[in-house]
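To keep things simple, chains are lettered A, B, C, D and E as they appear, and every chain counts its residues starting from 1.
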Amino acid sequence: MWRKSKPYLLLLPASFTIILLFFGGIFDGLLKSFGYFPAIGETGLNLTAYDRLLHSSDFWQSMALTLRVAALSSLVSAIIGAFLAVALFFVNNSTKKAIPRPWQRLFQLPLTIPHLVAGYIVVLLFTQSGFVSRLLATVGWIDGITEFPVLVNDSFGWGIILTYAWKEAPFVALMLYPVLSRIHGSWRDVSRVFGAGPWQFIREVVVPVMMTAWTIATFIVFVFTFSAFEVPYLLGVTYPSVLPVYSYQLYTSGTLSDRPEALAVNMILAAITILLGLVAYHVSKRWNVLKGWG
Amino acid sequence: MKKQPRFLPLLLIIGLFIFVLVPFVPLMLSSLSFGWRWPDVFPQGWSLRAWEYVVNDVRTWQAVGISLWIALIVTFVNLLLALPAANALVRYPVRGRWLFEAIIFAPIIIPPFISVMGVHLSFLRFGLTETVLGVVLAHIAPTLPYMFRAVMVSYQTLSVDWEDQARMLGAGAVPRFFHVVLPHLLPGILAGASLSVLISLSQYLITFIIGAGQVVTLPILLFPFISGGDPAIASAYSLLYAAIAIMALVGMDAALKRYYQMSRVPQQEKGVKP
Amino acid sequence: SEDAGNATNADSLLAADWDAIQDTAQGQVVNMYMWGGSDNINNYLDEWVAPRIKQDYGIELNRVPMNDAQDIINQLLDEKIAGKTEGSMDIIWINGENFKAAKDNDLLWGDFTGQLPNFNDYVDADAPEVSEDFGEPVEGLEAPWGKAQFVLVHDENQYEDPPKSMSELADWVKQNPGQFTYPAPPDFTGSAFIRQVLYETTGGHEQYQQPAADIGNLEERLEPMWQYLNSIEPYLWREGETYPESLAKQDQLYASGEIAMTMSYDPALAASEVLKGRFPESTRTYVLEEGTLANTHFLSIPFNASDKAGALVAINELLSPAAQTAKLSPENWGDLTALDLEKLSPEQQQAMNEVDLGEATLSIEELEQNRLPELSSDYIDIIEEGWTEYVAKE
Amino acid sequence: MSDLRIIDIEKRYRSAQAKNEASFLLRPVQLTIREGEFFSLLGPSGCGKTTLLKLVAGLLEADGGELWFGNENLSNVPPEWRKFAMVFQQSLLFPHKTIEDNVAFGLKMQKVGKKERLNAARSMLDHVGLSGFGRRFPEELSGGQQQRVALARALVANPRVLLMDEPFSALDPSLREEMRELLSQIQKEFRVTVLFVTHDRDEAFALSDRIAVMGEGQLRQIGTARQLYERPENIVVASFLGLKNILGGQVTSGRFVSSDKIIDATVHQPLADGDYFMVIRPESIKAAAADQSGHVSIHGIVQEMKYVSGTYNLKVIAETQVLECVFTTFQAEQTAVGESIDLLVDMKEVWFLKE
Amino acid sequence: MSDLRIIDIEKRYRSAQAKNEASFLLRPVQLTIREGEFFSLLGPSGCGKTTLLKLVAGLLEADGGELWFGNENLSNVPPEWRKFAMVFQQSLLFPHKTIEDNVAFGLKMQKVGKKERLNAARSMLDHVGLSGFGRRFPEELSGGQQQRVALARALVANPRVLLMDEPFSALDPSLREEMRELLSQIQKEFRVTVLFVTHDRDEAFALSDRIAVMGEGQLRQIGTARQLYERPENIVVASFLGLKNILGGQVTSGRFVSSDKIIDATVHQPLADGDYFMVIRPESIKAAAADQSGHVSIHGIVQEMKYVSGTYNLKVIAETQVLECVFTTFQAEQTAVGESIDLLVDMKEVWFLKE
């Protein structure tokens, strides 16, 4: 009996903690999003909050913004990340030895910087009167502040995108680098022997090999940026705001009757991320992401 | 392919430099500036005002202490939870393994503030809000999956043969854990701990909701400043905050290195998070 | 039963005499929840107020930094729902909408201001800016801490003669395109600027002293304001395509010379920015010819404050002439006093008048002479929504 | 007597994913390993050698059967109390401990004092030719040296039985030979009972007193190397041992006729009539012209000649049958690929299998 | 003639961390590999085999020397144009491509149409016994199967030379043997020139037409298996090939006297006087009682007898010298460990080395 149930007992604390603290909270939120709110005397279940949300243009604008920001953030950081990884790979290759550890560290630096700080860095860099604008003005590329585009607290979300590009590009690079360094050793030799030139090598081996890890990394960044709060709160505009901020605004509006809506936003957010997670899982399974290179 | 121009790597390194380091320059300048009008690249005057405020404020150091303290407790709790769970999933044929994995990994996908907003009132009723304990509990969900993953990956690389070998040499369960399992897992544990500490340090929203102003961590202190407060102080706080995060990681890394030097455990790959 | 005990205890405080309250307050730790984004204000409380209260009354004043007063109200609301009777918040710093929300939800303790000696001695309780908070009757639920008044900020060296009325402003903006803007509502100051426009373009403030719902043709009346705002929009910063998100952003624009004017609901803010080196030395503030909006910010005690006696004593101390005088100094904060100058003793008056407000700040007198009352918050909602509708989206 | 007796031990793996793999069954094993004996389990990959070894070690729980050491029933004793030692395919040295500490680990677990156990470790390291390496870390040693350390570690605590699971299969061939020598010598020196698992016939032959050939979860035959090679009990064993000249045929009243008729000769053993396989070891085939008494001649064509250190391996086709034979260089020089040849088979050396 | 000629190719590794490792030097190599020949490089680990192979492949740049294929100078042709193929120790299949696509990779690089190259790939997979595996992914195959695919991939584009770097050393012994057979057969079928690297003597012997023994960055001797084994040119080669009976001594006017005096016999070869080593292959030692003409007798004591499939390996101590000899089972039955024995050495079979 003990032998049979031992693994389950070992799993119990962790899963119980998550179920209680995490799923409990989600379930609680779910109930409230259905209008079940005993504290203010609401015990019925209804879909009013969802109905109101789905008919509110604010919600849809938030959704559109969130999707756009997440998509662009992940795309930009994926591209920069891939570039970083390839650049490191080449530096590594041409110097014929491992990158000295300080370099490795350096390029991981953005990973360790908290998001809030990264967001603030972007504020200082990219406001119209920010550091970049000053540099450009000093060089003479722009004459007035207004010539510098609005990149922070803009309704398009460039500031958010820039922050994530800076923070997550190293993450993408870090996911890609091991894959690339595997290619380096023997596969280049193999492909050369079988007649592949550098471009063919890149097309036939590097890209397909990188592709899977790259897609997954991009995807992770997407899910993350899709549901992040701090950076959009800091760098976004009040209206429209990304979904998590929108939810927070509703939650703290000071009006209890907005709560179910806030939680309904959360539930929709959760549903979408779960959906995305499942898609990612299937894609990674389908593509054998973990096959061959652990 | 053969003869690569020498300047290319140099160029790349410089590019990397700009990408990674230059962003910190305005932060530094702003924290030391006294009057800094467009389009000057450097401030007109310098002042230590912001740093004096940040360094002299007891709250700053209390916040640093609380932040690290919470991060450490969270990490320790995570370790206690993750070790047996990883052991079970790696070592035993578990029915419904996907379910357990899905449960434990769920907070990676579903943003934890969703759950915290839901659970907030219950925490309030149980008197967990405004307490370090409550914040610790709130930090577990977003950090545990990373710790769990790191430990599990580490466990997977530990073949049962090692434990069998120790058994054959007469080692019972406890010596086995301390002589064989723990030394092997240590790098993984440290990688997981780094992530756990980093994530815990970075939480603003859930700390705020649960801590409700009484648990003042660094991000709580910093937030009013960077969302429209004094830029010099915001910059100084940001630098301090980043430095604490980096130092926490570097510290752990150094500990790991020392451990390697002392005992030559083959190094494993570190876990990463977005 | 603890509930009941607490309640009677609390209610008795409302009737107790001041010495008893001071005794009860001994040794209490008073948590003061307030916005924490200004080092000046923080320092004033931490270094000027807290040590004095500690020394004089044995009360520990613990400032709790918050990002937003709305968060405070929200938290109280949750505590109310959850039935938390021993809350951590003892003093909260609120006004306007937040006060209304708190009052509507019964989040405040009670009519306590009458218990405060300094309130009774130095505050003109009948003055409209004290008895009403954005049109909402205060009813003793909060004590005035300081006053703010809307001022415009400009750089004397750049434009010597800034526009002193809305019509002048319209002309000025057209002559100097891109040099002016205002923060987008719901930013507090931006919203105030729009109210300022409202007063001037629709014929004065008096008509709005009744509830919004009582005015039948409100939309019509507001029409000139929208026209005005839309007429200047093309000449604003970035051609009015976008507005600064917050005053802080706008100040940054001004500080870096991107725009020529900014504004403030804090008449001394510009001076303190000059002190910090953010604003140019030649920065000056001024009020409009027809006067500018003024409001009061208040301190209140939540329904579930654990240390109400301490809170009373602390608030009383914050209202003391000494504390108010210190607060007035831009080096500390630069916030206008909530006290009635006339009720002060001559020495006290002198002390206050001697405070160097900085060249950028107008004199207290000049400010007081140009005061306009605030609107009640139902107007504010309508105006803010209307702005999004008629100005921002167009 | 401290023999190790394995009595009807059996084990079934229930495969976790029921569909994916057929589950594996180790049939009841009956085996006695004598004290001080070097006993090998020889069999192809996946036949259950490791399983049996781990059952003996106690690392797996048997589904049935018992394990006795002398008069002690070990069936329910956990592995850490059995006082056995084991060497695995990988050296499995603890990477964070020095060589000395690795070797002394078993003694440490037995609560032997630090000084004493380090001395014991050092002298054991001497024995395996690694004196002076004690303070190094495992990763500073080559694969062969690591395996020596593993051996030292296993031996230092005076185990009652030494279990070894293909300990040399990860090593280079030349190193492997060297390690065999060392093991052989040390086993004689310590007179330790060894249960050795391998899939390499030469290794088993070179080292063992007795060998058990396993196949598909079963013991097929137990015996000395020569017994197995010269008297295999069935074709599976014969072909696993590399005996390739296996001719089907019939024995009728003392005469064997192969089905392709290339051999028709009197049987020296007393065999009942019936179908048999005749096994001819390559060494017992000679080129004709030597003395013919008791030999049977086969005519064939040389298909392939390969020089193997000192001798030639020939493949000769006789009708449809390919026969392998070992020729000396002198014999080989008399012929060439493609030429026809007369082979003599010594009927005293052949072996018949009933199937 | 499309021979592969390696002319004075040399290579020095400048070690990156100057202190850590002595740099390695591959001495100028002079070698001609004939068309269709199976040529092996045999040598211990680290002697430079892979280096030489990669130089031939073009994956390393030589410091000097030339490489010719027939009349074509390949020295400066990049590897992708050389039309060689290579099989590595790890199969190095591209994990993201199916088996078919892996095999067809070389043809794809040569711009062969999709249909054609897949057909070629499939038929090559047939050849290596993997028909039907084409649509799988590499990780779904076992190690041996993967190595077959690697072989197929190398052969499908009809390479002018097939380079193989210890392709079987990561496989099980039994699998290794099977793969040797396959390779041998396929090489004959396709008549492809093979340059094969191994450190396993048996493998080299079993497969090669000619073998070059390497040691410390130098070619030591080139020849057929038998030439190398029976006529090694120096002790290094002899002992690397497993010849253990090497006796130092002196030749004086046609007579060899070993330094420990156990042998004193007339030399059949014409040798100048001087110090020599006499190499006695184990096979050329017999037990006494056989015909004694041309033999030299040595007296010794049997120290060890090991049964090795069909024969016994004996170690006999004569004075201080340990002699290894191979006995038939019949001869071996006449003696036992510890008994004294007279050995005969056929002086026609011994070999002398000057050193």
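To be clear about the criterion, a residue touches a chain if its C-beta (ideal position, glycine included) is under 8 Å from a C-beta of that chain, and two chains touch if they have at least 3 such contacts.
Worth saying up front: this structure is predicted, and the values here are computed from it rather than measured.
Under the contact definition stated at the top, the chains bordering both chain B and chain C are A. Between chain C and chain D, the least number of touch steps comes to 2. Chain pairs A-B and B-D differ in how many C-beta pairs are in contact, and the one with more is A-B. The rotation relating chain D to chain E, fitted on Cα atoms, amounts to 180°, rounded to the nearest 5.
Chain D and chain E have CA centres that are 26 Å apart. Work out the mean CA point of chain A and of chain E, and you get 56 Å between them. Averaging C-alpha coordinates per chain places the centre of chain B 54 Å away from that of chain D. Residues of chain A in contact with two or more other chains: 39, 129, 145, 251. Chain contacts: chain B has residues 38, 93, 120-121, 223, 227, 231 touching two or more partner chains.
Residues of chain E that touch chain A in their complex: 16, 54, 57-59, 78-81, 83-86, 88, 90, 92, 94-97, 105-106, 108-110, 137-139, 153-154, 157, 163. Every residue of chain A that touches chain B in the complex is listed here, in rising order: 6-8, 10-11, 13-15, 17-19, 21-30, 32, 39, 80, 84, 87-88, 90-91, 94-95, 103, 106-107, 109-117, 119-125, 129-131, 133-135, 137-138, 145, 166-171, 174-175, 178, 198, 220-221, 223-225, 227-230, 233-234, 244, 247-248, 251, 262-263, 266-267, 269-270, 273-274, 276-277. Of all residues in chain A, only 39-40, 127-129, 144-146, 150, 153-155, 237-239, 251-256 touch chain C in the complex they form. Residues of chain C touching chain A in their complex: 68, 70-71, 73-74, 77, 81-82, 97-98, 101, 105, 178, 184, 186, 237-238, 242, 244-245, 249, 252-253, 255-258, 388.
Interface residues of chain B facing chain A in the complex, by the touch rule stated above, are 1, 4, 8-9, 12-13, 15-17, 19-21, 23-27, 29-30, 38-41, 80-82, 84-85, 87-89, 91-94, 100, 103-104, 106-107, 109-122, 137-138, 140-141, 144, 148, 198, 201-202, 204-205, 219, 222-223, 226-227, 231, 234-235, 238-239, 241-242, 245-246, 249, 269, 272-274.
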